[in-house]
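Following are the structures in question.
Two complexes are shown next, each including chain A; its partner changes from chain B in the first to chain C in the second.
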Partner chain A sequence: MTDIDHAALAASSAPMEQANSARANSAQANKAQTTRAATARAAAAPSGVRRPPAEPPRRRRPPAWRYRTGQSLGRFALFALPGLLAYVLFVLVPIGMTAYYSFTNRNPFNPPTRWVGLRNYADLLGDPEFHQALANTVVITVIVTLLANAGGLLIAMLLDRPTKLYLALRGVFFTPVVLSSVVISVIWQAVLTDEGLLNSVLRGLGVADPPGWLSDPEIALYSIAWILTWQMLGFCVVVYLAGLQGVPRELREAAAIDGCGPLARFRNVTWPMLAPALTINTVMLLITGFKAYDQIQVITNGGPGTGTTATMAFQVVQTAFTGNHIGYSSAMAAVMLALVGTVSVIVLRVLQRREVTR
Partner chain B sequence: MRRSMVWCLAATLAAAGCGVGGEKPSETSASGGDVTLTFLVFETPNLDAAFWDAAIARASAKVPGVTIKKLVSPNVDRTGYAKQLDASGNLPDILQSVNPAGFAQAGKLAPFTDEELRNFIAPKAGAIAGKVYQLPYNTQVIPVVYYNKDAFAKAGITGTPRTYPELLDVSAKLKDKGITPFVVGGGGADTWADMYPLTATVATDVYHKTPDWLTQRATGSVKFAGPDFTKAAQKVADLAQKGYIDPAGLSRSYADTEQAFRDGKGAMYPMGSWFATSADNTKPGFEIGAFPWPSDDGSPVTPTFTGGGTLVSSSAPNVGLAKKWALAFDEDKQNNDAFVKADGSIPAIKGYTPPSDMGPVYRATVDIYQKGMADGSIVNAFSQEAGDGSLPPGLADKAALGVQDLITGKKSAADFAAYLDDQWAKATR
Partner chain C sequence: MIDARTHAWLRPLAATFAGAVFFLPLYLMLVNVFKPSTDIVPHPAAPPVPPTMENIGAVLSRPDSLFTYGLVNSVAVTALSITILTVLSAMLGHYLARSRHVLAKVVMVTLLCGLMIPVPVILAPITSVLKTLGLMTTLQGLILVNIGYYVPFGVLLFMGFVKGVPLELEEAAELDGASRLRVFWQVVFPLLRPASASVLIFLGVWIWNDFLTPLVILGPDSGTTVTVGVYRAIGQHQSDFGAVFAFMFLATLPILVFYLALQKNFVKGLTGGAVKG
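This part shows the complex of A and B:
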């Protein structure tokens, strides 16, 4: 701002100041008159004459903003507090307890519990079972994330038609999502055991020695990954269908008029518009893969053999409730939480950036 | 609005409080001193809900003032479930066939006195530091080799093997005829079902020579990687390597494994004696015989487990009544008859005689046990031990997973033995 600007501003504000000053003088004069009148009435009143009681000071209403804030807080408390309290009690407090136990040697069957500092974490670094569980978890997560995303997108594009048949098919694909993991595990166990449905079909087709889908240590992990993928496929289909229905038809038509073929239309119009759906699916699939437990407990119990299908979540439960090493398993759980959190946040950031820049 | 917030907070806290401790069934009622006790059981095809309900009713009729609230373990791993309940501060008042290891040392179980155990044949079985926390109500022979007589006849086998080389000959003859010699399971959550060949070879090659071997392992004077245990493991690896054990069985659950034997998918089924009544009750299309797993030189070895009864929590609302009820449950003649008929148990109660109408497979099994008692060949059953001289918590499950590696060839016998030493160190650190 230059000197000339300041001068202009001062000049323009001068009449306003004069008006304000006049209003203030007038208010002071009125106040002085009122005070004088009251003093005169008091002096004129004879002593002993009962005066009317003084008017009680009027209670000041709180400012409107404060009232509105209080109301909002009250509503927030009414609706959010139960959920918040449950979250604190059943999520944050257990996480805090887990973090604390991870620095102890807690074993409920071998008291007393002692503080061991970082020893559990140091032991994890040299624990081949934990390394294998970590590797298994990564393999499952990568397979589930890639396959379920690709399969979900493909099926969603096939089902993106408004006929009754396709609407019914959407329900069919979503069914595994609402089924319990244990139910799904029992079903797939019946299919994949060596004398199960799949091998019976293969034998019927002339395969003399079909694979041991669950009994062969080289295959079992991939069988588990497939079951998880199958279970999550319906979720991806629904999310991608929602995304596809948000792609404006005119954009595709414009691209077609510009001479884009189906592949180019998908690459330049549909796929970028599906970025939010990809973000949701990828993060959900990552979390599903990282916390895989139920299917392993029911179908393989971590086998066949030592740790071939054991995931981090499975290892945590086994160490805590079979081996009684609560402290050590808490350290595993803390590492798992940190890993899932870190990967999820990074992936979320990367995918969301893609949503913004496109 | 502030008032509504306070109400909201109070209601939420009240709801949370109800969730944690609102329904505690084990409370003595104000009138008459009656008590409600929780009782943890597990269900199997043999021991179904109707069985437990009837058995509970019979015991309750003998101990007035006790009301039992039955809790059912979600799977046969009732010990794991009991640990989960204990971790949430809800250890049941009475528990059926839960491994007392860990619970007893932590003071969570009430010991039975010598006077209370006077009716049991082996009152000190499963003792922990001299105290018995689990009623030693029954004995099981683990394993017995149940065999398909038709398959043996088809392979030209006229008698049962008396030595280990004879067992290998029998296996070779069966395989030559296209019959898988052994049915072994261990799929799904039933990994434990693969343990029985190893339990047998450890009995003949380790415990026969050194009955307190596991106690010595606890002191560190012997190792799994030593020659005796490694030899026992090598026998199992060899059986698999020769094709006498089909690795395909590793995807079969326990129930599927039993069914596979019934379906004739193998000729021999090394299994606990509880299979006997199942075989008698639901006869397959062939006759079943039984023989003990033979040792190298044919000297008798009978691996058994005695115990497995009820336990009482030291924090039960009325420990005295809970113990009284547990004793009534385990000593009741009808209950034991039901256990015998449903689960093939061999009750270890003085003066008890099994029902006279038991089937031939059960009688053959009891014969093996009685011969073992007569010739002094009873030894522990590896991975089934309870009390002092048993595996540390969790190690039996690790061993079962390791046996899968032995069968698939992923681990050699030496690797397997070293793995168990490593797991022992981890479990006891």
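This part shows the complex of A and C:
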């Protein structure tokens, strides 16, 4: 189980590398370019220079440029095309279709499909169900992002020791990350239902009327947010542990010698050094919270009552596949995508700026 | 941090306590898999003494074979998806990392955006595309969708690692007369093994645990994956926790074994890549 932190390292290095890769890539590409060009010149030189121009050598091959483009096209077709084709067919084309559908009244059981302009979007503005779904999504996302980040950091600091006990505990906290959210939902449902384990414990402790964690419309949403937090906690722990391992011991010692107490040491040394880990966790949690669907489908089906725990993702799927209002659900999906995109890009920018100026 | 020596007992105690509380729900599932259903409601937290295989047997011998069919489907979909994904995204990642064309950068950014797209946003059009291709409610259709959706992740992971493979190695092989394909298969791809292990683990776990995509694409008639099977099983006998827990236990076991088996590679892989990259 020592290896979980490496898992996080991979997870963590991937998004960050993307940012840096552009620069590194172009540098490397330049180098490759000059090398290749030099090779090409060297190859071309001997035949061309010495022979008299009146008697050009017969060419069995097509001209170099055609040969080369032909080759690179072949390379493209062989190496890049298959993967790109699947991506275009099942991600880019559907995105385009979602955008197009959102301006129509498409409903497979109620043809013909007509162009309705911005009507779907106008309807969304006045749709209380959508407003509630939006609010619920925001609540879940904020709770999950804050709780899992804070809890993950605390537990990571608690477990930041290399002995067997702590390595085993890392494994414990990481387990839910490997489990399906359906499985996690069913487990927590068994714990949180009215006659579930938590309430029988509470009754045993003398609470006469324990809350209906999943049946009380006031509480159910927070229960769902808690389940998501529990599920994501291990991920955050592992990413923070990887970050903590990157904090040089000398820095902490130096700060201690300069008279920093534990709190000041954390604030001035450890916390700034954890900036990249915070970025990864926050972006991951934001995206997870925004697209929360499985737990709602399995546990509450949007209830109790109407839509008290419905998220945007749940609303989109319901509208599309239960109500068959593809046009309307597409408009919802477009809004959802725009929100996810905008928020993650802004948060990423802000947090990465923090990383640079540490 | 407070005072390492006088409070030496505090950290292990707090850590163990936190771990135990955290693990409690999982403990509940594990314990109740091996208890007769009649014992679960009165004593949910009691250890299973003596353990019974009754629940597991019931899941395996379901008259509708929900578990066995689901298992076959899950294994087929996961294995094929991750194998194809590893090969395709390694090739594409290698191509993009080495390409100096402007378009390569455009493709890279487009793929990056794909990482953020939640499934519900594109699910309805995906079903339209699959219907057009005649692949709706088929395993092939599900596999293709998985490939399209997860290719960005694979590509980005591989691209990071390709930079650790010296270009001179490829040029040497090419000078020796190896074709592009051969250079890739015999020189580059073996060096990318650590990245391949990571891609296999991540995508294996994600695809196995996927719920919404197989639920919609495979539909109610043509069998499901085990993960969707869990959902179907709770619909049928909400009250029989023993049966449901046993189903979940069996559905989780294969992917847990897969994860633990590959984990070692994963470690070597990542450190290797980290040092080089």
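Annotations for the structure displayed:
The definition used in the following text is that the second predicted complex is superposed on the first by the 276 of 358 C-alpha atoms of A that agree within 3 Å, B and C clash if a C-alpha of one lies under 4 Å from a C-alpha of the other, contacts with A are read in each partner's own complex, and residues count from 1 in each chain.
Quick note on the criterion: a contact is a pair of C-beta atoms (placed from the backbone, for glycine too) under 8 Å apart; a residue touches a chain by one contact, two chains touch by 3 or more.
This structure is a prediction, so every number in the text was calculated from the model and none was measured.
For chain A, the partner with contacts to more residues, out of chain B and chain C, is C.
Within the superposed three-chain model, A:Leu274 lies out of touch with both chain B and chain C [touch as defined at top].
By the touch criterion stated above, A:Val239 is placed in contact with neither chain B nor chain C.
Once the two complexes are laid over each other on the shared chain, residue contacts for A:Ala148 go to neither chain B nor chain C.
By the touch criterion stated above, A:Gly212 is placed in contact with chain B alone, chain C being left untouched.
In the superposition on chain A, A:Leu228 contacts neither chain B nor chain C. Of the two partner chains placed by the overlay, chain B and chain C both lie in contact with A:Leu89.
In the overlay built on the shared chain, the residue A:Phe321 is in contact with chain B and with chain C. In the superposed model, A:Leu134 makes contact with neither chain B nor chain C.
In the overlay built on the shared chain, the residue A:Leu73 is in contact with chain B alone; chain C does not reach it. Once the two complexes are overlaid on chain A, the chain A residues touched by chain B in the first and by chain C in the second are 78, 82, 86, 89, 195, 297-298, 321, 326. Those residues of chain B lying in contact with chain A across their complex are 1-2, 4-5, 8-9, 11-13, 15-16, 80, 83-84, 86-87, 101-103, 105-106, 186-191, 247-253, 256, 260, 265, 393-394, 397-398, 401-402, 404-405, 408, 410-411, 419, 426-427. Interface residues of chain A, counted against chain B in their complex, comprise 70-71, 73-74, 77-78, 81-82, 85-86, 89, 108-111, 189, 192-196, 212-217, 297-307, 318, 321-324, 326. Taken in their complex, chain C has these residues touching chain A: 1-2, 11-12, 14-16, 18-19, 22-23, 25-26, 28-29, 41, 44-45, 88-89, 91-92, 94-100, 105, 107, 110-114, 116-126, 128-129, 144-145, 147-149, 151-153, 155-157, 159-160, 163, 167, 171, 180-181, 184, 198, 201-202, 205, 208-212, 216, 227-228, 230-231, 234, 241, 244-245, 248, 251-252, 255-256, 259, 263-264, 266-267, 269-271, 273-274, 277.
Residues 2-4, 6-7, 9-11, 13-15, 17-18, 21-22, 24-25, 28-33, 35, 75-76, 78-80, 82-84, 86-95, 97-98, 101, 155, 158-159, 161, 165-166, 169, 172-173, 175-176, 178-183, 186-188, 190-191, 195, 197, 200, 230, 233, 262, 287, 290-291, 293-294, 297-298, 313, 316-317, 320-321, 326, 329-330, 333-334, 336-337, 340-341, 344 of chain A are the ones touching chain C in the complex.
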